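Below is one structure. I have some questions about it.
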Amino acid sequence: MKKPLLEVKNLKINFKTYAGLVQAVRGVDFTLYEGETLAIVGESGSGKSVTSNAIMKLIPQPPGIYADGHILFEGKDLIPLSDKEMSKIRGNEIAMIFQDPMTALNPTIRVGKQIMEVILKHKKVSKHEAQERAIELLRQVGIPMPEKRFNQFPHEFSGGMRQRVVIAIALAADPKLLIADEPTTALDVTIQAQILELLKELQKKRKTSIIFITHDLGVVANVADRVAVMYAGQIVEYGTVNDIFYNPKHPYTWGLLGSMPDLNNKSDEKLYAIPGSPPDLTNPPIGDAFAPRNKYALAIDFEKEPPMFKVSDTHYAKTWLLHEYAPKIDVPEPIVRRMERYKKEAELGE
Amino acid sequence: MNSNHKLLEVKNLSQYFGSPSNPIKAVDGISFHIFEGETLGLVGESGSGKSTTGRSIIGLYDITGGEVIFKGKNIHQVKSKKEQKQLKREMQMIFQDPYASLNPRMTAGEIISEGFDIHGMYRNKNERQAKIISLLEAVGLNREHMTRYPHEFSGGQRQRIGIARALSLDPSFIIADEPISALDVSIQAQVVNLLKELQEERNLTYLFIAHDLSMVKYISDRIAVMYRGKIVELGDADEIYHHPIHPYTKSLLSAVPLPDPILERKRKRIPYVHEETPDTAKMHEPLPNHFVYGTDEQVNKWIKQAKL
Amino acid sequence: MTKQHETTNNLTPEMFTVVGPRLEESDKMTKKSVSFWKEVFLRFKQNKLAVSGVIILFIIALFAALVPELSQYSYRDQLGIYNQAPSKDHWFGTDDLGRDVFVRVWYGARISLFIGITAAIIDLIIGVLWGSISGLIGGRVDDIMMRFVDILSAIPYLLVVIILLVVMEQGLLPMIIALSITGWVNMARIVRGEVLSIKNREFVLASRTLGASTSHLIKRHIIPNALGAILVTMTLTIPTAIFTESFLSFLGLGVTQPVASWGTMASEGMGGLRVAPWRLFFPAFFISLTIFAFNAIGDGLRDALDPKLRK
């Protein structure tokens, strides 16, 4: 059995606000292995960004509170580490890229220097060597004429190019884990496609593990090996990318998959829209947080929070519908169609 | 209900910004029309000019050139204040950012009824309240929401308030400028369903501006693809999706990630290399109701490639 | 994954009947409705320093209103006891003309506060008008109006004020005019900035799409949203005016005898510094306290209005 690179166990994060205590992350568990990509999907308020920021210990305390749980990176718990100890890990072992490249880059420092700073901070190399590596990184992320562009400022690059620079900085010290928080959400679709291709290429070469946070299921299908679906601060379904797209078990996952128009949707069909809005996490509901919006809610959903049920060795879902007493629910139409397409392709493949 | 009556005709619309000697040509001579009751989708990436097009049509900018003809009248030649105001009631807009498009100091009820104040309608308090409530209910909210402030609503709810505001003057034509881009996926579906319902109930015509191609295809009857200020392709939604001719359209479609891992693994992205389009370029109609922009040689070449 | 399917004790099949969604719960507005200004007020209340500023000002205003009325001495009575240290008859002592310093301080409070607030109000009116027109119209008009503002701020302020006071002769009205003549410039710049940022926001565009006239936009959208910045600026303009008036009075350009502001009192007090230091101390102390209070309130307001602290 492979040793995991990252293990998050029962992570709970709260925020003290003037409106009350917000339980942003309410018991999250997942594991990440070397060289794989885990996508964390969720909408606003799901807790996905808080979770990723928590791994890097970037949650400001106050108002944030690490209420419970462990973040084991290569077996070592990050939560009790001091800021000084974390600064040796950030950028070096774990790196992060964000949605807006402009805020990640210092507008007053030349791009090449920003990459060099990361290398010099974490690796014992000469300045000259660091510069060589920085130029090489710019080349690897697909920036043409890297020797020339090394000396340019961030504003001289377009949005997509800036994001490439951000990726170069993130990979400069050769981290084992890259956390990408909505890195392509603000980019045009053609640029997004290029960046996703770049990330996959780099991952193959360097065996970096990636946690990819997004709300776009198309992007998930493109990059992920495994997927964690988050709702109201918890992971509600967890499995391989095929598990999630072709055999989803949680009604929220059905809702997400159904709310996107299929290529084959006839336009007079209504989109399967999840009614209502996500819950207020200063007062998380008792029981299953998704119940008030769940067409298939059971009586027990309003009383007791469901545990994670095992669907297969790779696939888990947190819904009472998987309990032996639960009635058999017909999976919604669009999902069925998807599943049939998968079966057909799988047969063709054999 | 699609009729064959052209509600809106745009002829050679241009919108330039900046210095007259070296202008930024945000919109550079585009022409299209929208039939009554239909939805025309306008897609493009940043810098394509799609948002500028919407805002020029509705009159937020003074256009640099061309004509916008609404219900047979050239709207920029309408001089009388009264007629201009009347025009406002017919054409309305839904904006992209649910956080910026509502005045944080006004309640939902005040936001929705602002149009009444401007046009002197529903002066009677009871009538006005009834009308506000009916608009709230039309967008899936209720009377309880009338006295609340924008910051108390979620993004999807704010967007509904924006829609209610657009409906308040009973328009026949609505320009939706990226109305769902800033919303969560599940909320997008709610809003799109709502827009379709309202279109049927009220016989509305939409210009739907967006960059999410799957959603645009779902909601539109016809689609226009914009690139750097020009419409490069225009046709029925299905046709554009399944038989694109212009290389930019092909490139754009090939770049959209599909929520389907098997199809994703098979998908090949087609990069776009922009060929300069000299002045001889114009709109061609190689197939009925399917238009492509380019020179004669370019269009012929692309037709041959598409058939392959 | 460590959590497994738990032993299902206490669970009965009836609990597993489908009951469907409860959307009223989902769409319920749980928090009490609170308007923008109410929220600002609540946030302001939490700022102890700002609240203490309000209390201090309130007390000063109270004393300024009541003391000259209720005191047995008037501010100009010369009582024959010269330069006496604070005592039970004269809490702040007396000055070199035998006047009770306590009642004079509170009389002076009226004058200083009146000057400060009036000057700030005039600055407000001119500044808001100038800034909104410039920001709204934009283009060349904006350029010209702002160049005028730039030129005015480039002129040495003190020079302008001194010339004015010499020309007009000293007094209450001339002092107010002198303070306002260049003070509005700051407010104009701030208002213009706010107007520029507000007029391009989508809710203003939406209003224009509805057919709103310029005056409607100003009334319903621009002013209400600029109000926060205007209020903060005003709260910080008042102490500047009070301080400047004190400074000018100190130079001898202030209101004339026997009318006294804190500044003129401090100026006179300088003369008797070694003999009767209380004559300088008390007015100077209250100038500082008032300025502090206004600044605390202004800062508190600014923080309470900051949208970043929201959500």
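All chains are identified by letter, namely A, B and C, in their written order; residue positions are counted from 1 within each chain.
In this section, a residue touches a chain if its C-beta (ideal position, glycine included) is under 8 Å from a C-beta of that chain, and two chains touch if they have at least 3 such contacts.
Because the structure is predicted, anything quoted here is derived from the model rather than measured.
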item: Contact graph of the chains (line, ring, star, complete, other); value: complete
item: Furthest chain, CA centroid comparison against chain A; value: C
item: Intercentroid distance (Cα basis), chain B paired with chain A, Å; value: 32
item: Geometric centre distance via CA averages, chain C-chain A, whole Å; value: 47
item: Intercentroid distance (Cα basis), chain C paired with chain B, Å; value: 46
item: Residues within chain C bordering two or more other chains; value: 27, 31
item: Residues of chain A whose C-beta touches two or more other chains; value: 275, 277
item: Shared-contact residues (touching 2 or more other chains) in chain B; value: 157
item: Residues of chain B that touch chain C when the two form their complex; value: 55, 58-60, 84-85, 88-89, 92-93, 95-97, 100-106, 111, 114-115, 117-119, 144-145, 147-149, 151-152, 157, 162, 165, 168-169
item: List of chain B residues in touch with chain A within their complex; value: 45-46, 154-157, 184-190, 192-193, 196, 211, 213-215, 217-219, 237, 241, 251-252, 254-264, 269, 271-272
item: Contacting residues of chain C [partner chain A, same complex]; value: 1-6, 8, 11-23, 25-27, 30-31, 43, 46
item: For the chain C and chain B complex, residues of the former touching the latter; value: 27, 29, 31, 33-36, 201-203, 205-213, 216, 220-221, 224-225, 310-311
item: Chain A to chain B touching residues, read off their complex; value: 43-44, 159, 188-190, 192-193, 196-197, 215-222, 241-242, 245-246, 255-261, 263, 265, 267, 270-275, 277-278, 338, 341-342, 345
